[in-house]
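Shared between the two complexes below is chain A, which pairs with chain B and chain C, respectively.
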Partner chain A sequence: MTPVLITGAGAVSCLGVGVPAMWKALCAAPEIRPRPAADPGARMRLPLIHPAPAEPGTDGRATRLALTAAREAIVDAGLTSSECARAPVVLGTGGGNADHWERPLAAARPAPPGFTVAAALATAIGSGAGATCVSNACAAGGFALAIAADLIRTGEAEVVVAGGAEAYSRVALACFNRMGAVDARACRPFHRDRAGTVFGEGAAVFVLETADHARRRGVRHAYARLAGSGWSCDAHHLTAPEPAGSQIRRAMTDALDEAGATTGTVGCVVPHGTGTRLNDVVESQALGAVFGDHAAHLPVYSLKALIGHTAGAAGALGALAAALMLDHGTVPPNAPLGPEQDPHCPVNLPQGPSQPLTGRHILVNAFAFGGNNVSLVLEGSAA
Partner chain B sequence: MTCPSTTVLVAGTGVAIPGVPQGAGLLAAVRPPHPPLPWPPSGRDTRFKDRATRIALVAAEAALAEAGLLKDGSLTVPGTTVGTVVSSNLGNLDTVCRSADAAVRAGPAGLRVVDLPTACSNVVASSVAIRFGLNAVNLTLCNGATSGLDAVGWAVRALRSGRARRMVVVGVEPADPVPLHMVADQARAPGDRLLDGAAALVLETAQAAAGRGRPNSVTVTAYARRRDPAAAVRAVGAGKEAGLWLPPGHRADDGRPPHICAVCDMARTLPPASGALGVLQCVAAAAWLSVTPPPGTPPTALAVSGGAPEDDAAAAVLLSALSSMPRPGLPGPPRPHCEEAPPER
Partner chain C sequence: MRADTLVVTGIGVVSPWGNDPAKLDLRTPADADEDWFDVVSELGPRGYKYVPPGCRYLIAATRRALRDAGDAVTRIPEPRRGMAVGTENGIAGLIDAMDETVTTAGADRLSPATAPYFSVNTLAGRVAMEHGIKGWNLTLTSPRAAGLQALQAGSRAYAAGRCDLLLAGSTEAALPSHHSGHSASDAGAAVLVLEPRAAAAARGAALHGTCATATFFLAPLLASGTPAPDALRTTAEALARVTPARHRNIHPPVRLIAEPSPVATRLLSQLRTLGLRTDFLPAGSGTLLPVLHIAHGLTAPGPPHIVATASPDGTCALTAVHPQPPTDPTLETR
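For the complex of A and B:
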């Protein structure tokens, strides 16, 4: 199967702008508290979010975050303008430019479409190879990367710019408040007292390309390979996960199979783990079923405990965390969880100092409302 | 497993537009009459669904039934073999804007609990999967003018990648107040509203269809997305001729091959269809190809969308009557060693 290399990466989140800033923060594992959203119209009990620094401009906020990450990724990969021109853009976002379209009806005011993030990104980088906006809610960024890899493997593209972006959404936050699914303290996946999630803003964008294309360009560094993906749908409920987790297990095992990975070669898992009660239990049990005895010792890195639930960007930011771990050969410590891990979530969440990554694969999960599941397997580029 | 040469067949089609009973009705050059019955239909299980979901379910059920994949309302094949792609540019916008309105006026307490999951962008595709138990790929595309043909392209890709054996492709747009408001400034004539309907295709690998003994005769030969219609048409290998020409929107000659035998211009027969257009075109194309064309007529149908100055791209899909395969310059017959999808789990 055609190897798909990650040769460029860019990121923005509450940890700051840039991949180095993200890795530095991952290793430091600071305790970051969410803040009230900068939205006077956020009339809700818990208007909490982890905001990301968006560059100024008239584009929608999600577009601006995506552009920040994409520009870094393209410079990082050393893509020329002619290479950008023939690179399709695949971008996942759950809410699109919510700041442009989430507003009361006003007959006199034009209503721009919300899902223009991919098209705006393609225009900005000079891509003429088509832009695809994937709208699979909180799994959108993960699906975008999997789709990009399929574009490369089916021979339709040699290089793709792909990722996920998400900005503050008043409607999403109000809905989660209405459901009682916002944790007043922080995003605390797998914590005994978790009371819901806390959203975060962010974007992660990658340059993906074939090994041949990278070689012809003289690329010297690749973070990792995107070695496999598994896609499934619960077909169970619009908001609740299927309690048995059979379809998220299928996504994980399909991704491992496609990557040629075994449970023994996986050195870490970046879970979907949002901090909502049922999701974390179902995912923990599914990890136990997939990894068997290995699960007790398999490090799980809970990115959302640090940056919040970045929704449509979460899969892409999770993949970036995995790529950085493979690149550095290190699993950073989890954000402090204390001794209060939920006994119904028996996953291994290393705290304290960073530890060496053992195993050449990392599994990344991204799940969404509607039971949309995607799992990605990244492989160390030196493997 | 990726197999670009996998043959993809049209196993079934469905239409959910008042006054258009089936795919062949899309070929008629008349605007459908006003709906004689309440539209869209609503039952106990769809009472709180958004309009786009209710319409999409009608089209998806018709297509699955025509494909022989439903018995007593349930799938006749494992759900893990069937995926979903939905194209809709304006799908649940009404719910989102109503929720935004309520959140401003009354805070979260003003939100209707039944609206919460419906405010999620992938609600239509998820609802189709839940209703029919479709456990494979589930994708939602909001891709502008090319979205419907892109959805067909993504379904073909999912089949050729072995991620599913059958894909339900739905294109839907609801004439809710918010979408109508959004397109009001784009209306080209008084009364030029928005499509309030859907179309659906069931695509299936030839291997899976043969396993069910289904005699399907129409294949999706090629899909391409390029900067302009002419380039997209050349990329699908139809630069010289097509039996049926399904042009993009109101630009009936954009990308048109020099030799065509028939035209189905949906811009003349239906309201603006936005993200549903490409799927409607493919359903009409399948209906046209399923009838033996006159001698000398190329057994192909070419659908094109997008390519206007405000669009970022154009897309083309070429469909063929199976007897016309293989065509020069297009993928050859399936290679047996890579045709089979992974074992069902």
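For the complex of A and C:
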């Protein structure tokens, strides 16, 4: 199977702008509390968010976050304008530019379409090869990366710019409030007292390319390989996971199979783990079923405990965390959970100092409303 | 990667132009408002009160497509069924109404039954629940082009071995009445059932034809005047990707379905420069109309043709439609 290399990356989140800032914060594992949204229209009990620094401009907020990450990724990879011209853009976002859909409704603004994020990126980088916006809710960024890898493996492209971006949406947060799915304190995946999630803004964008393409243009550094993906759909409920977790298990095992990985070669998992009651239990049990005895010692890195649930960007930011771990050979500490881990979520959440990564693969999960599931397997580029 | 061809064995449509894909008069204007859709006759008397229009249309079109395809879906295990749906404004009206509620009465007054539908992928997710589509489910939202991209992304996922049966199409609902694009809203849904040619032959299925899609991008800034020597080549390459070598000299006619914009003007010019007879047809606000043209084009034997679309933001897509010839030597045709 054609290897797909990650040769450039960019990120923005509540941790700041840039991949170095993100890795530094992952290693420091600070406690970051969500803030009330700066939105007078947010008439809801818990208008909490982890805001990200968006560059100024008239584009929608998700577009501006995506552009920040994309520019960094293009520079990081050293793509030339002619290489960008041949790179399709695949961008995952759950709500697109929600600020262009939601109030105040500006008469002069051509409200919807809100899903112009991929096209804005394609324009910015000078792509002529296509722009696809993927909106599989909280799995959108993961699906975007998986589609990008398939574009390369089917021979449609040699290099793709792909990732995920999500910005504050008043309606999305209001609906989570109405469904009782927001935690008043923080995003606390696998915590005994978790009471829902807390959204965060952010974007992660990658340059993906074939090994041949990278070699021809003299690439010296790749973070990792995107080695496999597994797709599934619960077809069970609009919002709740299937209790048995059979389809998320299949997504994970299909991703491992496609990557040529075994449970023993996986050194870490970046879970979906949102902090909602049932999701964390189902995912914990599914990890136990997939990894068997290995699960008790397999490090699980809970990114959402640090940056909140970045929805359509979550899969891409999770993949970036995995790529950085593989690149540095290190698993950073989880945000402090204390001794209050839910006994129904028996996953290994290392706290304290960073630890060496053992194993050449990392599994990343991204699950979503609509029962949409995608798992990604990243492999160390030196493997 | 699989190299076998997907064939269309089922077509389902619900639209203001009617629900028979063979009788759609898509060149005449149609009213997007919901009066044209009979919920009870399409979906039944109960269970759909809180389901938003864009989801109702998709459910109805999917049922029609699967009826048309015979026993295609029941032969395939649930984890091998995939679905890709394009939509741009499928929940725009719902979001607008919810936002009105949140900013006035507050979030506590939102209906818990409709709250999940704030997420656009729940439209296809609801359909997946009804038909056990557990392989995967994609929602694409690229303006204007997502319906054609759903065909492309779904076919690519099939080629990558991710399913054995594909449902692909588009659903749209009317924009809010205060929106300037309301009167030009797309509304309705179109779904195609696609399966490998060999599987269709094995079960004796009737065929509608095949379709192949390519996408590309014409940046709006370039479209409005800056010379872009590579852009013509990009369009030519996209055409080559969807046109079998044996058809290269046929120069299939093109229906370009787009709203007037610099991007559409440039694409129209390029297609004509490449020697293709191209009709320009005005588009609605949404992703549905090009898919309706494909559905209609597959219902009667005829020469290959191309359905194209272009979004003002630069996304372009082409689908080559090959209606099943009436004298296919191996399979019965409709």
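Following the convention adopted for this analysis, the second predicted complex is superposed on the first by the 374 of 383 C-alpha atoms of A that agree within 3 Å, B and C clash if a C-alpha of one lies under 4 Å from a C-alpha of the other, contacts with A are read in each partner's own complex, and residues count from 1 in each chain.
Just so we're on the same page, a contact is a pair of C-beta atoms (placed from the backbone, for glycine too) under 8 Å apart; a residue touches a chain by one contact, two chains touch by 3 or more.
All of these numbers come straight from a predicted model, not from anything done at the bench.
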Superposed partners chain B and chain C on chain A - clash or fit:
clash
Touching partner for A:N177 - first (chain B), second (chain C), both, neither
both
Figure out whether A:H297 sits in contact with chain B (first) or chain C (second), or with both, or with neither.
neither
Considering only the touch criterion stated at the top, classify A:R216 as touching first (chain B), second (chain C), both, or neither.
neither
Who does A:E102 touch here: chain B (first), chain C (second), both, or neither?
both
Between chain B (first) and chain C (second), which, if any, makes contact with A:G370: first, second, both or neither?
both
Contacts of chain A common to chain B and chain C in the A-superposed view 41, 43-45, 94-96, 101-103, 105, 110-111, 113, 115, 119, 122-123, 128, 130-137, 143, 147, 150-151, 153-155, 170-172, 174-175, 177-179, 231-239, 247, 250, 368-372
Residues of chain A touching chain C in their complex?
41-45, 85, 88-89, 94-96, 101-103, 105, 110-113, 115-116, 118-120, 122-123, 126-137, 140, 143, 147, 150-151, 153-156, 170-172, 174-175, 177-179, 231-239, 247, 250, 368-372
Sites on chain C touched by chain A in the complex:
1, 78-79, 82-83, 88-89, 92, 95-96, 98-100, 102-108, 110, 112, 115-122, 124-126, 128-129, 131-143, 146, 149, 153, 156-157, 159-160, 162, 175, 178-181, 215-221, 228, 230-231, 234, 285, 311, 313-315
Can you check the complex and tell me which residues of chain B touch chain A?
2, 4, 79-80, 83-84, 89, 93, 96-97, 99-101, 103-109, 111, 113, 115-123, 125-127, 129-130, 132-144, 150, 154, 157, 160-161, 163, 177-178, 181-182, 185, 225-227, 312-313, 345
Along chain A, where are the residues that touch chain B in the complex?
1, 41, 43-45, 94-96, 101-105, 107, 110-111, 113-115, 119, 122-123, 128, 130-137, 143, 147, 150-151, 153-155, 170-172, 174-175, 177-179, 231-239, 247, 250, 253, 368-372
